[in-house]
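Have a look at these structures, which come just after this line.
Shared between the two complexes below is subunit A, which has subunit B as its partner in the first and subunit C in the second.
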Partner chain A sequence: MKKSLFKNKSGYRKVGTASVSIKPTAADHSFNVLVDVFLAVLLVIIAIPLWSTITLSFRPNDYIGNNLQGMFLAPWNWSTSAYKALLGNQGFILSFKNSFLILIGGVASALFLTIPLAYVLSIPSLPGRKYLNMLIIIPYVFNVGMIPSYLLVTNLGLIDKLAAVFLPGAISTYNCLIMRSFFEGIPNELKESARIDGATEIQVLMRVILPLSKAIIMTIGLFYGVSFWNDFFHAMLYLNSNSLQPLPILLRNILMASGMNEYVEVNAFGDAPIAAIKAASVFMSAIPMVIAYPFIQKYFTKGTLLGSVKG
Partner chain B sequence: MKKHFSVLIALVALLAFVAAPVFAQGATEATKAAGPTTIELWYGAAITEAGPPPSDWVGFQIIKDKLNIDLKLTALPSNESDQDVKIQAAAAANNLPDLFMVRRDVLTRLVPQGLIAPVDGLYEKMPVRTATHYDAVSKNHAKFNGKTYGLADPGSIIKNEGLLIRKDWLENLGLSVPTTTDELLNVMRAFTENDPDGNGKNDTWGYGSFQEINNYEAWPGRRLEPIFGAFGVEGTWNMTAANAGLSILKPEFYNAMVYLKKMVDEGVMDPNWLAYKKDDFRAAWKQGRFGIMREQNAAFAAQSNYAPFDKNFPEGEWMIIDPPKGPTGKASVGPYTANFRLYAISAKAAKEGKSEKIAELLEWMASDEGYYLLGWGVEGVNYTKDANGIPVAKNLPNADLAFSAPGGQTVTQLRNMVFYNGDIELYARYPKYITETSKKEMSALVVLRDMQTRTWTPAIGSDTLPIPNADLKRFYEQGLSEFITGKRTLTSENWTKWLDEFKKLGGQDWNDKGVAFAKENNLLN
Partner chain C sequence: MPIAIVKKRDRQVIREIKRHKSVYLLLIVPLVYYVIFKYVPIFNGQIAFKDYMALDGVLGSKWIGLTHFKTFISSYYFGELLRNTLMYSVGKLLFSLPLAIILAITIYECNRPHLRKIVQTLSYLPHFLSWVIMYGILLALLAPGDGVLNDIIKLFGGKPIDFLTNTNAFPWIVIFSDAWKEMGWSAIIFIAALMGIDPSLFEAALVEGANSWQRVRYITLPSIRPVILIVVLLRLGTILDAGFNQIFMLYSTPVLSVADIIDTWVYRQGLLEFQFGLATAVGLFKGVIGMFLILGSNKLVKRFGGNSLF
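Entry: the complex of A and B
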C-alpha cells in the first residue's frame, strides 16, 4: 500500500489509504513558522538589489540622496529618461536584435545537435557506446582552453560571424549527459513496441521519445538560451564588426562608460544620468529571460510517463 | 534499401563536415585582386558605448579615393583586460590586425614573439604627424632593444586635475582657504560639524574620495594624492635621483598615514570612500555630500557633468586651491606622467608590404582634412568654425548631429587617433557656456589651465616601472587599508614590523628592480 505524505486542507497528514490522520503538533507549527520567516528574509535579501537596480534606473537627474533613500523614491517622482534614451538609441536596438538572432540560432542548433547525440548515447546496444562516451567526457574534463578554440574558429572561417558565438558551444557535454540520462529513463518497452511496428530509429526518436521529452527539451533549451543570451566572452573574442555586437558587449561598454569618458562633454545617451542608464540597460537585458522563465518553469516540475506503461 | 540510404546520408554528412575546414581555409587564401589596400584597424573608441562610424561615413570614401585604402574598422572592447584578451587571442592565432591599439604590457609580450613590426623607419614618412604627435619621450615609450615597436600617440591631457573646495561653504562659515595640513584639517572639521550648507541636517563631510589606484598611484590612490603630497610621498615611486624608490619605504609615508588616519577617525572624510566607485563619488559631490575633493577638469566643469550640481545647488560654487603644505613645507597635487595611446603594426602587415600605406593613412589623419574630419566630423553638418577658426557646435541645420551631441558621437570615434591636446582641440572641446540654473559662466578649459599651474610632481615613466606580483599588491593594499580602518593599530612599531614583512614578501626586490629600471632608462629627475 502506498503511503501518501501530502497534507490535506485541514493540515492533517494522511497516512496510507486508511482514514487515519496525524494532527500537526505545536513543534510542526513552530517549524513551519521558522521556515516561513527564513524564506521571507531570503526573499528580502534577494529582492533588495533587484529593487535597487529598478529604482536606480528610474532615478531623475536632480535626485539628492543616497542609494538607500533612492530605494524608497515614490514612483511619481521616477523619471523614464534612461529608458527613453536606450530605446531611442539605434545601437541598443541593433544589439537587442543580434542577441535574439544568437538566441534563436543558438538554441535551435544546440537542440538539433544535442538531442540526437543524447538519444544515441542512451541506446544500450549501441556498438562502441563506452568508447563514444569517453570521447565526449574526456574533453569535458580536460578543457583545451581559449587558444585552440580560437584557432579552430578562425580556420573554420567563422570569425566575425554570429555563428561563432553559438556554434562552438552548440553541444554542452553537461546538458547532453542530462538529456541522455532522461532518455535512458524512458522504458525500453516503448521503443521496442515502436520498432516491432516497423519504425526506424529516427522515427522512434521523433514519434516516441520526443513527445515524451517535452520537459527535458524545454529545460535544456532554457539552459542553452540563458547561456547564449548572456554570452559576452565569445562575442567579444570572435566578432569584430560593430553591427554584429550583441547586448552583453553593449552592456559592458555602457557599464564601463563613466570610467572611460571623462573628457566627454555629453554621454552617448543624452542627458539621462549615467547611473540610471546603466541600471536601465541591465534591467532591460534581463527582461526576456525573466519573461520566458515562468512559461518554462512548469516543465521543471511536471511529472513524466504517468500511466504510459501498462500491464 | 532504406538502411543503405541512411548510411549513405550519414557518410555524405561526415564528408561535408570534414571538408568544411578545408574549404574555409581555402576561402581565406584567395588571391588578392588589384585594387585598394585593405587595412584592418582595431581602434580604441572615444565613446565606448556609442556605435562605430556608420558604413556610409564619408571618411571611408575619402580614404579610399585619396589613399587607395579600404579601411576596416573594429572597436576594441572598452575594458583594458578584455582588450588584452582579444589581442592576445588574435596574436596566438597569428591573426593580428594590420594596425591596432595595444597596451604596453601586452606589447612587451608580443614583441619577443616576432609578431610586431618595428616602426623606426616610418617617422620620416609622416613628417606632419611626427611633429605634432611624437617627441623623444613618446619614441622612447615603446622602444625595446634599441628599436621602436609602437607609435605612441599623446594620451589624455596631463595635470588635468586639481584640489577643489566649496567656496560658498567657506563663506557661510567665515573660513579662509586652507594652505597647510593643519588648516585643512580644521576646515574639514568645520565642514563636517558646522552645517556648512545651512540645511539643518548633519549630512556633510569635509573630504570626499574613492580608491582610484593605478601602477604609479598606489593605494590610497589618486584622490588622496594632495594629502600624501604634503608629506612628499605622492605616487607609488619617488622619481628623484637623490631619493629614488618606493614611496612606502620612505619614513614620511608613516606620517602621511597618521594624518589620513586622523581624518578617518575624526569622521571628516565621507565614510563611503572605501566603497565608492567613480560614479558614486561623482554623484556624491553633485549631491553636496562633501566640500573638498580632487577632481578632473572635464568631469567637474564640462557642461553635462556640472549641470546636476548646478541644478541641485544654484548658489553652490567650487574653487581650485593649492595643495596644502605639510610639516616640512612640501606640497603637490600628485604625480604626473606622460600617458600614451600605443598603436602597433603587426609583423604580418609589414610582411604584406602595408607599413607604407599605414604611414600614409596616419599622415593623412594628421593633415587638416583628416584632423577635422576625424576630430569633429563634417563642417556644416557636425560643426561650424567660429571667428577664431575653432570648431563649435552652433548654427547647425540639425543640432542633434553636433560633434558634442549624442547623434554626432559615432562620426568622431577615431578622434583619439588625431588629437594631440593642441589648442584648437582644447578650445573646441571645452567651450565657455552659461549654466542653466545659476547662469554662471563656466569653462572646463579655464579650469584646466588653472589646475595646470598648481604644484605637481613630475614622474615621467613611473607608469612603466615594474609592477608587483598579485600577492604583494594584495598585501600592500590590504595592509594599508587595515591600518586606516583600525583593524591594525597604527603605531611606529607596528608600521616597522609590517614594512619588514612587506620587504620580505618581495617589496624590497620590487623597489630595487624599479630603481634599476628607472636608472637604466634615464627616468629619474
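Entry: the complex of A and C
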C-alpha cells in the first residue's frame, strides 16, 4: 500500500527526497482524525453483524438475557452444544459432503473448460479469432433468463444429478475473459520458441503457459469455487431428492423454520437453542470461505487481477 | 480485387488454419459446451412466442406471436416490477458507490497501517458470503423478537420492528445489506486507481502548501474520475439486474409489493406456476433491453478512454 509519503517519525511531512519538512496544519490534523474515525466506525458496522452471529451460535441453552447482552457474554460461558448437535446430525454431514462434491466437480470441470478456451482466444494469429470472440460474447450480452436454461437442464436429464448444479455455470464468460487477458500478457517469444522446437499447441499450453499462470489459475479456480459453494439457486431448481441437498439448501431450510416444529430436521438437532443452531449453521457454511479467503485475498488485493479485467 | 491476389490470400488463410490445427483441437470440448449450455437456451427462448406445452416440447408447441408480451405489458404488475427493479438497482448505485469511493480514499489516506489492514480484510470478506448466509446474519440482527437491532430499539424504549416484513423498512434493508456486503469489494477498483496516481503530483501540491482536504479535492478525486465514470457506466449497463439472490432470500408475501423485481417474478411465474411461455417472454424482454444497455454502456466506456470488456 502507500508508503508513508508525507510523514516522517516526528510527524512532519517530508516532500519527496527533498530535505524540506512541512509542518502539518490544523486542516491536515482534522482530515487525519476524520479518516481514522470513519474507518473505525465502519469497522464496527462491519463487525457487529458478524460478531452477533458468532456469539449467538455459542449461546448456551440456559442463557437468560437478550441478544444484545449476549454479544458481551464472556467466552468461558460459551457453549458448543449447537456445533455438537450439527456435527452429530446425519443430514448436516451429508449436505456438507454434497457441497464438497459440487465444489470439487465444479472447479475441476470449470478449469478444464475455461483454460483451453481462454488460451485459444489469446492467440492473436488464430484465423477466425474475431468470430470466436463473438461466439463467446453473444450469450454473455444477451441473457434470455432462467426458464430456457431450466428447460435445457431438464431435457438433458440432469434433474437430481449433482452435475446440474455446476454444469450450467462451468464456463463463466467473465472469468474466461480475465484469464484470456492474462494469457495475452505472457510474452509471445516464449510460446514461439517452444513452437519452433516442435511443440504442439497442447504442449505449449501444458509446458509453457500453465507453469507461468499458477496465480491466475488459483484465483479463477477460487472464484469458481466460491460461486459453486454458495450456489443455492441451481440446487433448489434441479435437486429434488433430500439426500442430494447441498449446504445452502439445508441452511435455508433451517433458517426458514420459525418454530421448533416447523422443520423436522431442526427438531432432530438436540437440545441447543434453535437460534444458536441457526447461527451455528450459518457459521459452519461460511467456514470454508473464511479459510480460503486469505489465499484469495493475496491475489486480488494486488490489483493485478482487476487491472487485467480492464474496466 | 484481381483473382491472383484473392487466391494468394486464401492460400495464406488456409496455411494459417493448418498451422493452428492443434489449436482447434483444444477448442472442441469448450465449443460443444458453449453450443449446449449457452446457445440451446437462446434457441429455447422461442417459447416466448409460443403456447408452450411440455408434452409438445419447444419445437412442437404452437406459435402465438406476441400474446405473452402483450399480456405482460398490459398487466398491472408490469409497472410495479419495473419500478421496484429500478428502485433497487439505482438505489444501490446511489448509495454504495459514493460509500465505496469514500472507503477507498480513506483506506488510501489512512496513516495507521493496522487499522487500514483490518478494515481492508474485513470489508472484502462479506463479498464471499452467499445470500443464504447473509440472510442468517440479518436474522440474528433484525429479527423482531430477538434481533440485536430490536434489542437496541427496546433499550431506548421503542417498539420492536419486524424489518423484513415491513414495507417501509424492507427497501432500506435491501440497499443497506447490499452496501454492507459489497462496499469493500467495490472499493478495490478505486484503490487500484488511487495507487496509480503519480506521487509527484502530491509532492508538488505539498510544496505549494496544499492541505489534505485540498489534496483530495484537487488531485485525488480528479485523478480517479475516469474510473468512477467507467464504473457508473458499467453499472448502468446492468441496471435491470436488481439482485435476484438477495431479494429471493429476503422477501416474503407481506412485502411483495415493494420487493418483487422482474427476476423474482419470472421465477415464480415460470417455475412455481409453470407459465413457461409468459415467464420466458418477460425474461426475453429484460434480456433484449439489457443487451442494448450493455452494448451502449460499453461503447461509452470506450469513448471515455476505458478498455471495455469486449
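FYI, the second predicted complex is superposed on the first by the 245 of 311 C-alpha atoms of A that agree within 3 Å, B and C clash if a C-alpha of one lies under 4 Å from a C-alpha of the other, contacts with A are read in each partner's own complex, and residues count from 1 in each chain.
One rule holds for everything that comes next: a contact is a pair of C-beta atoms (placed from the backbone, for glycine too) under 8 Å apart; a residue touches a chain by one contact, two chains touch by 3 or more.
None of the values given here were measured: they were computed from a predicted structure.
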item: Larger contact residue set on subunit A - subunit B or subunit C; value: C
item: Touching partner for A:N242 - first (subunit B), second (subunit C), both, neither; value: first
item: First (subunit B), second (subunit C), both or neither touched by A:T80; value: neither
item: Which of subunit B and subunit C A:G157 touches, first, second, both or neither; value: first
item: First (subunit B), second (subunit C), both or neither touched by A:A275; value: both
item: Touching partner for A:Y119 - first (subunit B), second (subunit C), both, neither; value: second
item: Touching partner for A:L135 - first (subunit B), second (subunit C), both, neither; value: second
item: Common interface residues of subunit A - those touching subunit B in one complex and subunit C in the other; value: 66-67, 146-147, 150-151, 156, 200, 202, 237, 252, 275, 278
item: Subunit B - residues contacting subunit A, complex; value: 2, 6, 20-21, 24-25, 27-28, 42, 46-52, 55, 73-75, 77-79, 82, 85-86, 89-90, 92-93, 95, 156-157, 278-280, 282-283, 287-288, 296, 298-299, 302-305, 307-308, 311-312, 404-406, 409, 429-430
item: Of all residues in subunit A, those that touch subunit B in their complex; value: 61-67, 89-91, 94, 146-147, 150-151, 154-159, 200, 202, 236-237, 240-243, 249-250, 252-254, 256-271, 273-275, 278
item: Complex contacts: residues of subunit C adjacent to subunit A; value: 13, 16-17, 20, 22-27, 29-31, 33-34, 36-45, 47, 58, 102-103, 106-113, 115-116, 118-126, 128-133, 135-141, 146-148, 151-152, 154-155, 180, 184, 188-189, 191-192, 195, 199-200, 202-203, 206-207, 209, 211-213, 216, 230, 234, 244-245, 248-249, 263, 266-267, 270-271, 276, 279-280, 282-284, 286-288, 290-291, 294-295, 301, 306-310
item: Contacting residues of subunit A [partner subunit C, same complex]; value: 1-2, 4-7, 13, 15-16, 20, 22, 25, 27-28, 31-32, 35-36, 38-40, 42-43, 45-50, 52-53, 56, 66-69, 71, 112-114, 116-117, 119-120, 123, 125-128, 132-133, 135-152, 156, 167-168, 170-171, 174, 177, 200-202, 205, 226, 229-233, 237, 248, 251-252, 255, 275, 278-279, 281-282, 285-286, 289-290, 292-293, 296-297, 300-301, 303, 306-307, 309-311
